[in-house]
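Below: a set of structures, written as structure tokens.
In the two complexes that follow, chain A is the common piece, with chain B as its partner first and chain C second.
And now, the complex of A and B:
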């Protein structure tokens, strides 16, 4: 029972990250490898807001979300937009370099020691007993937030005019621009919205465990379910996250912790071998050489 | 000429061509003399760094084949180097295999792993090779960590000194020459390969894979070939690294090693052999230079305690600067510098830098 709970919790964390990751890829066809570092940045922004203003923790998180959205949009506008039409490796390298820069800045400001968000934020510890299971309030919030974020993003793309404009830009940026849609004007908010997932993931990691510049690796693991599910589809995300999280938790428990740490990457490699278009994608989505 | 597309052609200089060739010969001899004389000039510390440079040249050339000449990207360079180094550790500790045998087997293993791991990613357009190689990196590192914790109690493996039959290289100076010879051999090999049918196929696929296929080049096979060669050469560099350090431990092969090699290729010069060499030396010499600078110039304490992050941050800044401002890398600076006088005369503008 505890194992199942662990899988669901880890899966929810990955869901937050993978949703933002897929959103960015779907909109701008860029794989954002700085995503793990932006997640760490989100956690540190919450820490900074909480230490500077002593506001209520919900307010601190909301404030950090706003800052995170601005950072995400700025990151796209300043760094990614100029290289979007360059060969495929250029945006990848740019996001890697940005990620390292974020990590350097964090470690220079906060040093690399571990921080505990739940102490700083003074989050109340509620828990409910339900059929032999202690359900922590924060854990329940994690699962709820992750599902809500996925639903809002996936439905928002289909139902709102902004979402339809984004799909138009993703399909063909030039044609969209001819129709009066500014591609950069659409994609900057998309990168901003994707930061919400990163900041929330950083928050939950910080509250449930610790914050250090090295949590970027957890964020990097968050991109594997996106590939397992099918890089540009939201439908495959929940099964993808559960599969990756289950493999990781079971490997740590029954085989070896070291192997468990890289289990997400092994699952990803296996899926890319057998079904490169992912669990929910379609073979046509992949252009073979 | 295809491989030199990014650079101005020699023939553009017209009648001065012969004169320059003489100067080139003089330069070549001077550089060779310096390389040969180094063990008597440099201290043991700097000689060790030069040995690392020689290994970096091999690794950077391998990665440049992939990025510069086939337009693909690998994020598993550190993992593939670890594969070479740990093959060396396993083969010497278990079978007492001699130096040359280890190098051959390690390179072959690198090629095989590259083939198995790269096959799905290399054939798919877009970002898939980047993600698969990232996965391979973490898989290799996990395997190496497991092996190290089971066999070597977690500390690492001692490697015997490199030897060829009766000739030993116990001395750092001899190893320096050996590594420089390997670097030179890989350089010549790569340069010749790029002029051959194989290299021209890579460039054709990079520039326009459909056009290349129409000319009878098998695009998928060509890409797989390039990735296998990159992996094999990287594993060779890893095995040489093991012999150079005489010690292998998994901590040395983190993701930041991959970033260092990416920085070498981008900063040195994409699709350029002198660029790879320049980048390898530049990035290998940078950390000791920074460490020295931090010791000399007064800096805040956080900089010296977080030195690792500062160095990585500097790589990142350089990477960004070169990607945006001079995508041709350090070798691209030279034609730019040479153009300054005529630019001042004409008051015209330089053409915008292009990605090769």
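And now, the complex of A and C:
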């Protein structure tokens, strides 16, 4: 039972991250390799908000989410939008550079000291026993939040006019512009919404372990399940995240923890070898890329 | 500014300095003195920025604070100390660059506060240049400073970490406190020195007739510590000895506790402030550096003032290991006199005996054969929910350096 719980928990963390990756890619066709760093930044934003405002922890997280949305939108507007019409590798390189910049700034301002979000936020610690398992409040919240985020994002894009505009821009930005849809006006909020996943992932990592500048590496690992599920598909996210998480957990628990780092990539290679577009991606979108 | 909001009072001047480091890859700091006259020249290569730098950057600040303090009080033998600080980010290539640069700068003494992957070029440089090399802060003492059978004439160690005695102590402590029926687990990071620590402990436990039920080396960027914790629980481990970065202590401990684990974890990192934040009664920290805040060390006030003077970003109690490095450097330069050549300094250091003022458990007592110390001393601390504070579980206990 504990193994299943471990898979679900790790899968949920990956789900938060992978949803952000897919949202950005689906909207702007950019693979955001700064996403891990924005996750770390999100954790520090929560820390700053909590220390500056001394509000209840839920309010601190909500405020941090709002700030995160603004940061995500600003990132797109200032750094990605100017190069989006360039060859595909240029925006990717920009995100890599942006990630390094964020990481360096975090180290300079915050130093490499470990920070304890749960201590700063004063999050209540309680747990319940369920079928021989101890389930604590934060772990349950992680699972619920990850699913809720995915549902809100996926359904929101499908059933709202904003979502339709986003798909139009992703399909053909020039045509969308001719139809009166501002690509930048759509994509900036998309990047902002993706930042919500990053901030939430940073929050859960921070309260379950520590916040330090190194956690960006964990954020970047969210790309693997996104690729496995299909970088342009929300439907593939849950199976992709669970598959990667299960592989990693089982490898750690029954083989070797160091191989647990490698196993997700082996799964990714295996899946992409058979289905280059991922479990639920669409072949024609790969041709476009 | 952002830094204003921190409880630990980050200082913008230090942040600007580090910004220069990030751009240029070096942190040049020439500490100009209130004392006049030609200066003693000391170089330092430290792990100031980068992942895991939190273990070493405070030592650099502590050392700088001490030197600044000495200069403000008139220097040593009437001469100021000019300090040149370089950041190596614990990267071998940068360590090599720094060693070359510090050799070119022709210092009286080179100090080193970084990780062991950077040591080789520093040791080679000490050999070639004839300038004594001293390891300080939380750097681990290299074998060249130890009596194996005789220390290298140019290599000295005033740092807090002596791997052999450290490992011996934590194993002895676990053997003493963990009942024979309690299964032992070992936790390390997937880096050579941490794996070495776990492997060495395993051999020592086996020599003492205790089997290790589970030994894990975890990657540095572990996404989730739940599976590792499950392995320890499945093996029935009731006591874990950890040797590696502190981040994994927190991760594994929290994951294990959330899975219902009631055992004890003993770690060898001197992180007083972390213990206060984690608040787990069964997390024990073994340390060669006194928890100055807990024991209300009288010297902490001076460190705080000196730290403020240089714009230190870390808390005063985090600067103590580097501060001791400063104490030893002052004693060494005082013993050398003026004028002082590197060769004369190395000779003077060969018989130095320095009182560490209670920050370490005993003196730094060098002999021509042993440039570390004759004994390593350790304390153990834990959080007490009953008292609502950190308590000292074990007072200074000596392990001889053989």
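We take it that the second predicted complex is superposed on the first by the 285 of 289 C-alpha atoms of A that agree within 3 Å, B and C clash if a C-alpha of one lies under 4 Å from a C-alpha of the other, contacts with A are read in each partner's own complex, and residues count from 1 in each chain.
Here, a contact is a pair of C-beta atoms (placed from the backbone, for glycine too) under 8 Å apart; a residue touches a chain by one contact, two chains touch by 3 or more.
These figures come from a predicted structure and were not determined experimentally.
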- Would you check which partner chain A:100 touches, where first means chain B only, second means chain C only, and both and neither mean what they say? first
- Task: Examine A:108 and indicate which partner it touches, taking first as chain B and second as chain C; both and neither are also allowed.
- Result: both
- Task: Based on the superposed arrangement, let me know which partner A:258 touches: chain B (first), chain C (second), both, or neither?
- Result: both
- Query: Looking at the overlay, does A:213 come into contact with chain B only (first), chain C only (second), both, or neither?
  - Reply: both
- Task: Quick one: classify A:3 as touching chain B (first), chain C (second), both or neither.
- Result: second
- Task: Using the superposition on chain A described above, determine whether A:137 touches chain B (first), chain C (second), both, or neither.
- Result: neither
- Message: In the overlaid three-chain picture, which partner chain does A:92 touch, first (chain B) or second (chain C), both, or neither?
- Response: first
- Message: With both complexes overlaid on chain A, does A:79 touch chain B (first), chain C (second), both or neither?
- Response: first
- Task: In the overlay, answer first, second, both or neither for which of chain B and chain C A:51 touches.
- Result: second
- Note on the structure: Check: chain A residues flagged as touching chain B and also chain C 104, 107-108, 111-112, 213, 258, 261
- Item | chain C residues within the chain A interface of the complex | 2-3, 5-8, 10, 15, 18-19, 22, 49-54, 57, 190, 216-228, 230-231, 233-234, 246-247, 250-251, 254-255, 258-260, 274, 277-278, 313-314
- Which of the residues in chain A end up touching chain B in this complex? 29, 31, 33, 79, 82-83, 86-90, 92-94, 96-98, 100-101, 103-105, 107-108, 111-112, 213, 220, 223-224, 227, 256, 258-259, 261-262, 265-266, 268-269, 272-273, 276, 286-289
- Note on the structure: As the complex stands, chain A meets chain C at residues 2-3, 5-6, 9-10, 13-14, 48, 51-52, 104, 107-114, 116, 119, 127, 134, 136, 139, 208-210, 212-215, 217-218, 221, 248-249, 252-253, 257-258, 260-261
- Query: In the complex formed with chain A, which residues of chain B make contact?
  - Reply: 67, 71-73, 75, 117, 120-128, 130-132, 134-136, 138-139, 141-142, 145-146, 149, 209, 219-220, 223, 259, 262, 266, 302-303, 305-306, 309-310, 312-313, 315-317, 319-320, 323-324, 327, 355
